[in-house]
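For clarity, chains are labelled A, B and C in written order, and residue numbers in each chain start from 1.
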Amino acid sequence: MTALLEVERLQVRFGATAAVRGASLSVAPGETHCLVGESGCGKSVTALAVMNLLARGGGRQAERLAFEGEDLLKLSERGMARLRGNAMAMIFQEPMTSLNPAYTVGSQMTEVLRRHKGASQRVAIDRAADLLARVGITAPGLRLGQFPHQLSGGLRQRVMIAMALMCEPRLLIADEPTTALDVTVQAQILRLLAGLQRDLGLGLLLITHDLGVVARVATRVSVMYAGEVVERAPTAELFANPRHPYTQGLLRCVPVPGKIRRDQPLGAIRGTVPRIGAGFAGCAFRERCDFADETCQRTIPRRSMGAAHDYLCRLPA
Amino acid sequence: MSDTAAAAPLRGPRRGWRSAATWFGATIVGIAAFCAIFAPLLVPHDPFAQDLGKRLLVPFWMDGSDPHHLLGTDQLGRDYLSRLIWGCRISMLIGVTVSLVSGVIGITLGVLGGFIGGRADDAVLFAITTRLALPVVLVALAVVGLLGSSMTLLVITLGLLQWDRFAVVSRATTMQVRTLDYVAAAWCAGCSRFRILAREVLPNIASHLVVVATLEAALAILLEAALSFLGLGVPPPLPSWGLMIAEAKDYMFFSPWLIVIPGVALFVLVLGINLLGDGLRDQFGARSE
Amino acid sequence: MTDAIEVRHVAKTFAVGKGRVVAVDDVSFSIPAGGVLGVVGESGCGKSTLARVILGLLSPDSGEVEIEGQKIAALDRKARARLIQPVFQDPFSSLNPLTRIRDIVALPLVAQGTLGRTEIARKVDEMLGRVGLSAEMGRRLPAELSGGQRQRVAIARALVLRPRVVVCDEPTSALDVSVQAQILNLLAELRRDLGLTYLFISHNLAVVEHVASEVAVMYLGRLVEQAPTETLFARPEHPYTKALLASVLTPEPGLGVPDVGLGDTLPDPANIPSGCRFHPRCPVAEPRCSTETPPFKPRASGGVECLLVP
């Protein structure tokens, strides 16, 4: 089966800063792929590069960047605009910044469908109301006539999801969709996303920093650190058998109720993420790693543990 | 998370000190400041000395100009370059002192209103509204008309009339800074109100106030020129640019350079100050992001 | 033994437009010396307002706060600073961007006005070392530090006067997980070494479970359940507490996303429901919940405010 989205050795630079350094990942139809990492690791930039929405000054390069086999690198901005919001849609962390405050929810939702599919206003309104009900919004008719600021954070995020689904996308990229929300609302939204993904057979690329979210919704996981994907594995495999020292450290950092005694310290990763300048070679994690030696300054091999699990480290499998 | 923020500074055109316009403004203001400070050393002739034998000499780019008087002479035979330099001193003096007077009044009111809030803030808002209802030029005219013209009176009048923008900006920025956690932390650290105002609030709103100060200085220079043109600004024989334009208007058709030279000087100086102000605003704005 | 903090019937409302928003409504609790009380709840539940009242930044409409037996309303600012200090959420807005690190940490000492310059410098350097920052860092400006380092500076500033109580308002919410773990470990170590008492506010229940000895759950300004941490996590009584615990996503694959069972009506502090204020979202609400005000039912330690529990 061909992958929905294929990214191979993606590089993104902002001037002299390398934000993404050779990241590879793929999303299959109907799977939830989690891209996990800490702030500044390049996970959001990766998503923006895929959508060709990088801020000015950002340049992308890749060996392959394809959506349903179509090469996105060769696609014109026009062709990209045809795909965006249509076959591939995106949801952002703060829905308020991606909803236009001057238009009603209804007019923003119908505009997408009218632009991409040439649907009539009547058809579009019906579909919008349908989708709002589907994302668990009661009284969709009322919400269609409201402005974004009249909605709570959780409702806005539901509207964003419904809007992303208007054109029946095959790939949905969600960048920290629940980070700004309360825990109870987060659980509701994630449950909704997981259900929609299953029912509609969407490919979902979920970007998050929260390992709890990853564990509960992901089919496969890519762990990013300093612009590289340092480990890729199926979810259960990653949590049971993490190979990269960074993944191992990250998992030890998370307090789990009932697992670590209160007077015991959490496993922390020492130090901070290094600044990666031009000409940087070797493992970006070596300064913070307990297993680092001088060979970590050279090129690091990608080691494979079976078909679906690989990691970027000198340590043998 | 903050991945996208890392890219933000690269967005948009070059701003602040990276923009040529800012440097252009800074250069003009720098030259003007230099002329103002060292005017007594720079002037080639006494700007007040009349020589009726050398009236209305033409400037250097016209035929028949006198190499001793590069910009020619005025209707009383005074060296125009010397008067221009001296006029720069007056304009800059007015700009700086009016900014200072209005700054002290406006910042005090604005910071107190914004910091204390409640009744005090209501009072400050009322004062600002009242001040905005006063027509500056008419009041200045009336005051000068009643009390006679002098530099000091002009500075005090303009200073008392121009503090509103300082008050508005310092009030708004103070209210913003007041809610930040480092101010709360300073309260919890046991600092006095005065220390919090002086050490935590004022330094953090200063950048905005510098920008206001440039705008106010430019405005004061223009107002002084306008009042002097009407004969109600600085008293003659002081060579204010506005006064020079006023004196030249009778000779406008035969010796147009008499009006063009101070007019251009006034335009360039105000433009320079405003460009510098815009540049500083962008610079500070970019930093506070 | 006296309690480190005693909060009695504290209430605070804010005027917003024509209406009033109830932020904290008749909240009482105490924390024994050396204890850690975790306060959890959703945004808008009043936990941050409660922190500000306890710190003396806001004066309550009614009720009082005592620290080590002294009413904070009656203390002068210097005495108050020696008893209680804050650590705030956002390490970027909690440090004055124009002040060097060592001057930020020195601020509480300078405000006391009792020590000389060399003595202050010595204490600041010692404190910086204690939170894991070098003396060289002291010469830098906040913008030159990472989020975790800034939070260490905020902790150093809070502890330089050796206060008895520290109010931590979401101290790790803005940090990455690896840095969060460093800061939580540091806070725990300092509490043991210096005998501190913490009021620890967080929306992250997993973090609260790790640091707190007792947990208070707030909903729309009310403290709806309070219990020792083990009890609360093992046997939550209030339906809201149960929903909160259910929504914690532990990193355990295969469990899926739980059904929290709350409707999508969100709490609005400007419009408090009648009866039990949780009833519009409560999955087990009965008709009487919308009319009867639930009484506070005390337990061996703490208590719960719900009509449906015995």
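The working rule: a contact is a pair of C-beta atoms (placed from the backbone, for glycine too) under 8 Å apart; a residue touches a chain by one contact, two chains touch by 3 or more.
Since the structure is predicted, the reported quantities are computational estimates derived from the model, not experimental observations.
Visitor: Between chain pairs B-C and A-C, which one is joined by a greater number of C-beta pairs in contact?
Guide: By the number of C-beta pairs in contact, the winner is A-C.
Visitor: By CA centroid distance, what chain is farthest from subunit C?
Guide: So the farthest one, by centre of C-alpha atoms, is B.
Visitor: If you average the Cα atoms of subunit A and of subunit B to get two centres, how far apart are those centres in Å?
Guide: Each chain reduced to its C-alpha mean, subunit A and subunit B end up 52 Å apart.
Visitor: Using mean C-alpha positions as chain centres, tell me how far subunit B is from subunit C in Å, no decimals.
Guide: Each chain reduced to its C-alpha mean, subunit B and subunit C end up 49 Å apart.
Visitor: Counting only Cα atoms for the centres, state how far subunit A is from subunit C in Å.
Guide: The computed centroid separation for subunit A versus subunit C comes out at 31 Å.
Visitor: Return the residues of subunit C touching two or more other chains; collapse runs of consecutive numbers into ranges.
Guide: Not one residue of subunit C touches more than one other chain, so the list is empty.
Visitor: If I count partner chains per residue in subunit A, which residues reach a count of at least 2?
Guide: 38-39, 209
Visitor: Two or more other chains touching the same residue: where does that happen in subunit B?
Guide: Within subunit B, no residue touches at least two other chains.
Visitor: Would you pull the subunit C residues touching subunit A in the complex into a rising list?
Guide: 42-43, 146, 148-149, 176-182, 184-185, 188-189, 203-207, 209-213, 229, 233, 243-244, 246-260, 262, 264, 266
Visitor: Please output the residues of subunit C touching subunit B within their complex, sorted ascending.
Guide: Subunit C residues touching subunit B: 52, 55-57, 77-78, 80-82, 84-86, 88-90, 93-99, 107-108, 111-112, 154, 157, 161.
Visitor: Show me the residue ranges of subunit B that touch subunit C in the complex, using the header's touch definition.
Guide: Spelled out, the residues of subunit B in touch with subunit C are 180-182, 184-192, 195, 199-200, 203-204.
Visitor: Which residues of subunit A touch subunit C once you look at their complex with the stated criterion?
Guide: 38-39, 136-138, 152, 154-155, 182-188, 190-191, 194, 209-218, 235-236, 238-240, 249-258, 260, 262-263, 265-270, 272
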